[in-house]
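There are two complexes below, and they share subunit A, which is joined by subunit B in the first and by subunit C in the second.
For the complex of A and B:
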């Protein structure tokens, strides 16, 4: 039986290992063919912000290519690719008001703008929901 | 909607000045408006949201004065009015010197020992 899992994410990019953990969990769920819903709330709407740019790292002595700096938008895109490869559904919704207050309007293809009503529906339609909130 | 949700606010005052509210209480308001069946637990420092006699002065940075300061107590009153049960962990309140008499009417105390029993009445428990 196909399982549908919902994740609520809250952390912005490059602030906490919780985001990477969330990506790993979502990746595993998709690899197993499960359908996944993501409600990106507050700072998490920036995870898919299209204007993110990689940078060189003078401390490492690396240029942009050598540093290969990970961007969360690329991981979000990779998750959508993984879903397509596995025939799974990935519905990624960015909280619209959270997007507006951050000016993070340009999302990569895949995620869409939504509202808490989407989160409520995701909860209803999923087998289970995992909340990964911002800490103190 | 049929799944009953319990949302636990454990991290308190998370960007409340910037957001003009608690983002999880706000989220619960919005989802309730969308038809979700949910209740709320205030734990840790979030128990202070229920104190009646409190106020937040508008934030002033440079010459920019924010007029609409957060009013967490009023937000709780509004969500109570929407038939959302709001619990608070009584030990967390006691540890912070918050008497039950100082809290909003309608807030329901729950002891730590009874939380598991409370959780059992819900389809999903979301800890924020």
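For the complex of A and C:
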């Protein structure tokens, strides 16, 4: 049965295991054919930041290719691809207030700028919602 | 009566608040609500037989379904065959199942 699920994310990239778990959940929901809404606010608006860049690691002695540092913007793009492959809808909204605070205006294609009103609408229009709060 | 899935992402040794989540599960079970705990990330650490697992095994004895994320277990080198009594390994799909079914899913 196809449903619409909403996820609210708060954590910035590279700071918490919660981000990886969130990506796992969104990926599973899409692969099961559900439509998914993501409201990214606070630091999570940087998950899709287009200017993220991989880097070498002099401690490991690796160059950029060898280090193969994962970037969350690539994971967000992969989620959009997974949705398209399965005919599912992924609506990823970055809170505009949080984008402005952080200067994270440059997003990869797919996510769009929005507001808390989008989150309210997502909740109303979806079958269920999971908020993944930030910690500490 | 709604069912509940409480996602516990923290280890009670480093975050006392994790035990508050266990207490919430116990209270919901006492009221007769179907309730499950899904341990994820460091929340799976007390799934190993230990002093920390006793409370989880007791919850399982009271009818709370206590599940540990299989991926998180593997990340931490905890064998699924070595979990404390009453705790089962489960895929993260359990969370999607609960959301699909309209359960109240709360992340701690």
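For this structure, a couple of remarks:
Methods note: the second predicted complex is superposed on the first by the 136 of 136 C-alpha atoms of A that agree within 3 Å, B and C clash if a C-alpha of one lies under 4 Å from a C-alpha of the other, contacts with A are read in each partner's own complex, and residues count from 1 in each chain.
Keep this in mind: contacts are C-beta pairs under 8 Å (C-beta built on N, C-alpha and C of every residue); 3 or more make two chains touch, one makes a residue touch a chain.
Everything quoted here is computed from the prediction, not taken from an experiment.
After superposition onto subunit A, partners subunit B and subunit C are found to sit side by side with no clash. In the superposition on chain A, A:24 contacts subunit C only, with no contact to subunit B.
Of the two partner chains placed by the overlay, only subunit B lies in contact with A:41; subunit C stays clear of it. Using the contact criterion defined above for the overlaid structures, shared-chain residue A:124 touches subunit B, although it does not reach subunit C. Of the two partner chains placed around the shared chain by superposition, subunit B and subunit C are both touched by A:133.
Looking at the shared chain after the overlay, A:3 reaches subunit C, while subunit B stays out of its contact range.
Of the two partner chains placed around the shared chain by superposition, neither subunit B nor subunit C is touched by A:62. When both complexes are overlaid on chain A, the residue A:115 reaches subunit B alone and has no touch with subunit C. In the overlay built on the shared chain, the residue A:105 is in contact with neither subunit B nor subunit C.
In the superposition on chain A, A:32 contacts subunit C only, with no contact to subunit B. Overlay on chain A (Cα): least separation between subunit B and subunit C is 6 Å.
Shared contact residues of subunit A with subunit B and subunit C: 128, 131, 133, 135.
Contact residues of subunit A toward subunit C in the complex are 1, 3, 5, 17-18, 21, 24-25, 28-29, 32, 34, 127-128, 130-133, 135.
By the touch criterion given at the top, residues 8, 10, 41-42, 115-117, 119-121, 123-124, 128-129, 131, 133-136 of subunit A touch subunit B in their complex. Contacts from subunit C toward subunit A in the complex involve residues 9-10, 40-42, 71, 92-93, 95-96, 99-100, 102-103, 105, 107. Subunit B makes touch with subunit A in their complex at residues 1-3, 5, 11, 14-15, 23-24, 27, 30-31, 33-36, 124, 126-128.
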